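Next come two complexes built around chain A: one with chain B, the other with chain C.
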Partner chain A sequence: MDALLSGQLLVAALVTGALYALTALGLNLVYGTMRLLNVAHGDLVMIGAYVAFWAFTLLALSPLLGLAAAAALAALFGLALYHGLFRRLLAGGKAAQRLEANSLLLFFGVSVIVQNLMALQFTATPRGYQYLDTVYRWGNAAITGNRVAAFAVAVILCGGVLAFLRFHVTGLAIKALIQRRDAAAVVGVNVERVQQLALCLGFASAAVAGALVSMTEQISPFMGFPFTIAAFVVIILGGLGNVTGGIAAGLLLGVLETYGVALTSSAYRSILVYGVFVLILLLRPQGLLGGRRIVR
Partner chain B sequence: MTLLALRAVSKQFGGLRALSDISFDVAAGEIVGIMGANGAGKTTLFSLIAGNERPSGGTIVFDGRALAGLPPHRICRLGIARTFQIVRPFGGLTVEDNVATAAMFGAAQAASPAAAAERALAVLALVGLAERAGDLAETLTLSGQKRLELARAVATGGRLLMLDEVMAGLTPAEVATMLEIVRRLHREYGLTILIIEHVMRALMQLAGRIVVLHHGEKIAEGPPAAIGADPRVHEVYFGAAA
Partner chain C sequence: MSALLEAEGVVAGYGDIEIVHGFGFAAAEGEVTALVGANGAGKTTLMRALAGVLPLAAGALRFAGRDIAAARAHARVEAGIVLVPEGRLIFPHMSVAENLRIGAINPRARRDRARTADEVYALFPRLAERRRQLGGTLSGGEQQMLALGRGLMAKPRLLLLDEPTLGLAPIMAKLIFSTIERLSEGGLTIVIAEQDVGQTLGIADRAYVIENGRLALAGAGAALLDDPRVKAAYLGL
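For the complex of A and B:
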């Protein structure tokens, strides 16, 4: 019981939650603006982790700088996918359900290809590196520097994206697009450009989350799947397309998972996450925080 | 001066001919009504002009520019604004942000978010939604959402406003208010208006000229009085004269 009340668990929960929030933010933007179900989202986390890993081991570049490279690379990958796969699909004006089904299959293919290319290139061996691993003490909690850094960066980026949506003109266009595609177009919003931006932003935020994860955990080409699942749980918890709700839900899932594992065992991690997923779908399919409502 | 010119415009959906060979002009400052039974092609016509659908044939020229193939946001920025028959508000945004989005990205291209907000509030006052500016759009009644739809179209700063049944589903009192709003928009903003309406009396009062569509073809065009007396229109609406 003492362990449950210690600051240690709370800190761990917050770090996990912030990373989930950042990962899910990207998924939410991509789903919200285009209704694309990106089941390869976790693989972007993996790509970001590898970029940070190689930048650190080969170029001795701090992962906190490497994450910029990861973001840029993922954004470019997003643009390539947009032009290669999704532009025509989106321009076809198909019903949202068709779009969701088609994108699900396409992204599933992308996921398989990306994972196996990475395994082919870098082997499936898990890798890791040491960075900022000094332990800081804070009352009865001990935390490594890299976790503090990961938490800080994730919080700053989530806050930054929220502020962008709230105050920037393009943020207004993204929100309008999330609400009504066709109406956004007839009031002059350049739907295609906003979609590209949302895809780049969504992919980049996942890759940044990956770079942050690589500081604290071992990485492998198949590490992405749990992040895909966590991200989907988070955006359903927060309400699809609801960016603020998603961030709150990310923190909530971090807390649920960390405390749940502490109360039971780490073997139950997946059961906990899926359990939450199923419960939400059964009890509140519109999300804990209501329907399409998003940041004002 | 001719603001909008349609020449032999047609639209084919697979084997279905939704519109065939539609030609008419709209002069700047005019209010032109579009009449026709359900399925006559009225909304399709708006979608072709606004760029939501591409014509299968013919040309649409707005202010000397051919619109063929332009995406909806480009057409909006050239100065054509439309409303949707089934309202499509940005439900999760505030009423003010709904209209500010239009001011920001439409033909008006407001210089700053502050300027967009100012323009939005001015238009909202005109449609009687000023006090609801801070509320979420989805909390408005149908009448409120219809007026929001109208305000959003006006705020784009377009010169041609296309209204798709903005009075459908409203009570007689609300129709009267809406009529007054449309008249004021026409007068104070100097707008050219193309209006689809099933509320016949409203259309007869507003429009200087009416175009009648039937099964995708134009069967009559003229001033309201002449349309009211036209035997072809009577035949379509009331069956053959006895």
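For the complex of A and C:
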């Protein structure tokens, strides 16, 4: 019982939660603006982790700088996918009606290809590096510097994106597209350009989360899937397309997972996450925070 | 009196279903042009095709002498064609002020955003009172004011009004109609599609009757009010 009340668990929960929030934010933007079900989202986390890893081991570049490279690379990847795969699908016509189902299959293919290319290139062996691993203590809680850094960066970026969505007119256009796609075009939003931006932003935030994860955990080509699942749980928990709700839900899932594992054992991690997923779908499919839909 | 918007042989619909089968009309600069017709005649489809939300399957569209048939919706807004859509389509989770702000997203309107917003608030004081309220929590009439205000924020040269009084209480419908008249007196070119045929023809300089996606009748608004066919079919006289 003492362990549950210690600051240690709370700190761990917050770090995990902030990373989930950042990852899910990207998925929410992509789903919200385009209705694309990106089941390769976790693989972008993995790509970001590898970029940060190689930047650190080959170029001695701090992961806090490497994450910018990871973001840029993921955004470019998003643009390439947009122009190569999704532009025609989104343009309308018959294919657009099956967009969600088709995007699920396409992204599943992307996921398999990316994972195996990475495994082929860099082997499936888990890798890791030491960065900012000094341990800091507050009372009875101990935390490594890299976790503090990961938490801080994730919180700053989530806050930055929220502020962008709230105060910048392009951010408003993203929200407009999420809330009412048909009306966004009517008021003069350049839908195609805003979709590209949301895709880049969404991919980049997952890659940044990956770069942050690589500071604290070992990475492998197959590390992405749990992040995909966590991100889906989070955006459903927060209400699909509800960006603020998703960030709160990310923190909540971090807390549920960390405390749940502490109460049981780490073998139950997946059961806990999937359990939350199933419970939410059964009890509140509109999401914990998605209940106040007032539309006349 | 020159035509600001000219449509010729417009064909539009949804997928394989063609709804407007070659419709032509012109909206003269500074006038109110009415499109009248029964439910399902194709008024909304035509309006959406004019705004570029629906692609043209065939036909020509000229705005201020420029061919805009292939221009996408946002490019038409920037050119000055602004639709206030049927059903209002307010952004429900954005405040009144944010709804207005996004109305001015086109670069031409963005610069004057603050001044245009003041004009809109002066036109609809109710919106000024509810500036911080979410769009989805407004009453139907207030949402219509917001939709109209959002359209005006784009600094239109041609305002397309699709069923602006649908589902509104009579007093609210009256307010919307008087606002439209005020906007027209201010020199704005307006195309209006409305179910309230009597009221609409009353304020229209010119009107086109659309039946089954085709032009059935055209004439001055007042003349059509006296037309026996219009009286029988739309005014129940």
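The rule is short, and it goes like this: the second predicted complex is superposed on the first by the 285 of 296 C-alpha atoms of A that agree within 3 Å, B and C clash if a C-alpha of one lies under 4 Å from a C-alpha of the other, contacts with A are read in each partner's own complex, and residues count from 1 in each chain.
Operating definition for what follows: contacts are C-beta pairs under 8 Å (C-beta built on N, C-alpha and C of every residue); 3 or more make two chains touch, one makes a residue touch a chain.
Note that the structure is predicted; figures quoted are calculated from it, not measured.
Novice: Tell me which partner A:213 touches in the superposition: chain B (first), chain C (second), both or neither.
Specialist: A:213 sits against neither chain B nor chain C.
Novice: Looking at the overlay, what does A:249 touch: chain B (first), chain C (second), both, or neither?
Specialist: Once the two structures are laid over each other on A, A:249 reaches no partner at all.
Novice: Give one of first, second, both or neither to describe whether A:169 is in contact with chain B, with chain C, with both, or with none.
Specialist: Both partners, chain B and chain C.
Novice: Thinking of the overlay built on chain A, is A:190 touched by chain B (first), by chain C (second), by both, or by neither?
Specialist: both
Novice: Mind working out whether A:180 is in touch with chain B, chain C, both or neither, as first, second, both or neither?
Specialist: A:180: touches chain B and chain C.
Novice: Could you pull out which residues of chain A sit against chain B in one structure and against chain C in the other?
Specialist: After superposing on chain A, chain A residues 169, 172-173, 175-176, 179-180, 182-183, 185-192, 293-294, 296 contact both chain B and chain C.
Novice: Residues of chain C touching chain A in their complex?
Specialist: Touch list, chain C to chain A: 15, 51-53, 55, 72-74, 77-78, 82-83, 85, 89-94, 98, 101-103, 105-106, 109-110, 134, 136-140, 143, 150-151, 154.
Novice: What does chain A use to touch chain C in their complex?
Specialist: 92-94, 169, 172-173, 175-176, 179-180, 182-183, 185-192, 293-296
Novice: Can you name the residues of chain B that touch chain A in the complex?
Specialist: Residues 50-52, 71-73, 76-77, 81-82, 84, 88-94, 97, 100-102, 104-107, 113, 136, 138, 152-153, 155-156 of chain B touch chain A in their complex.
Novice: Show which residues of chain A lie in contact with chain B when the two form their complex.
Specialist: Against chain B, chain A makes touches at 167, 169, 172-173, 175-176, 178-180, 182-192, 242, 291-294, 296.
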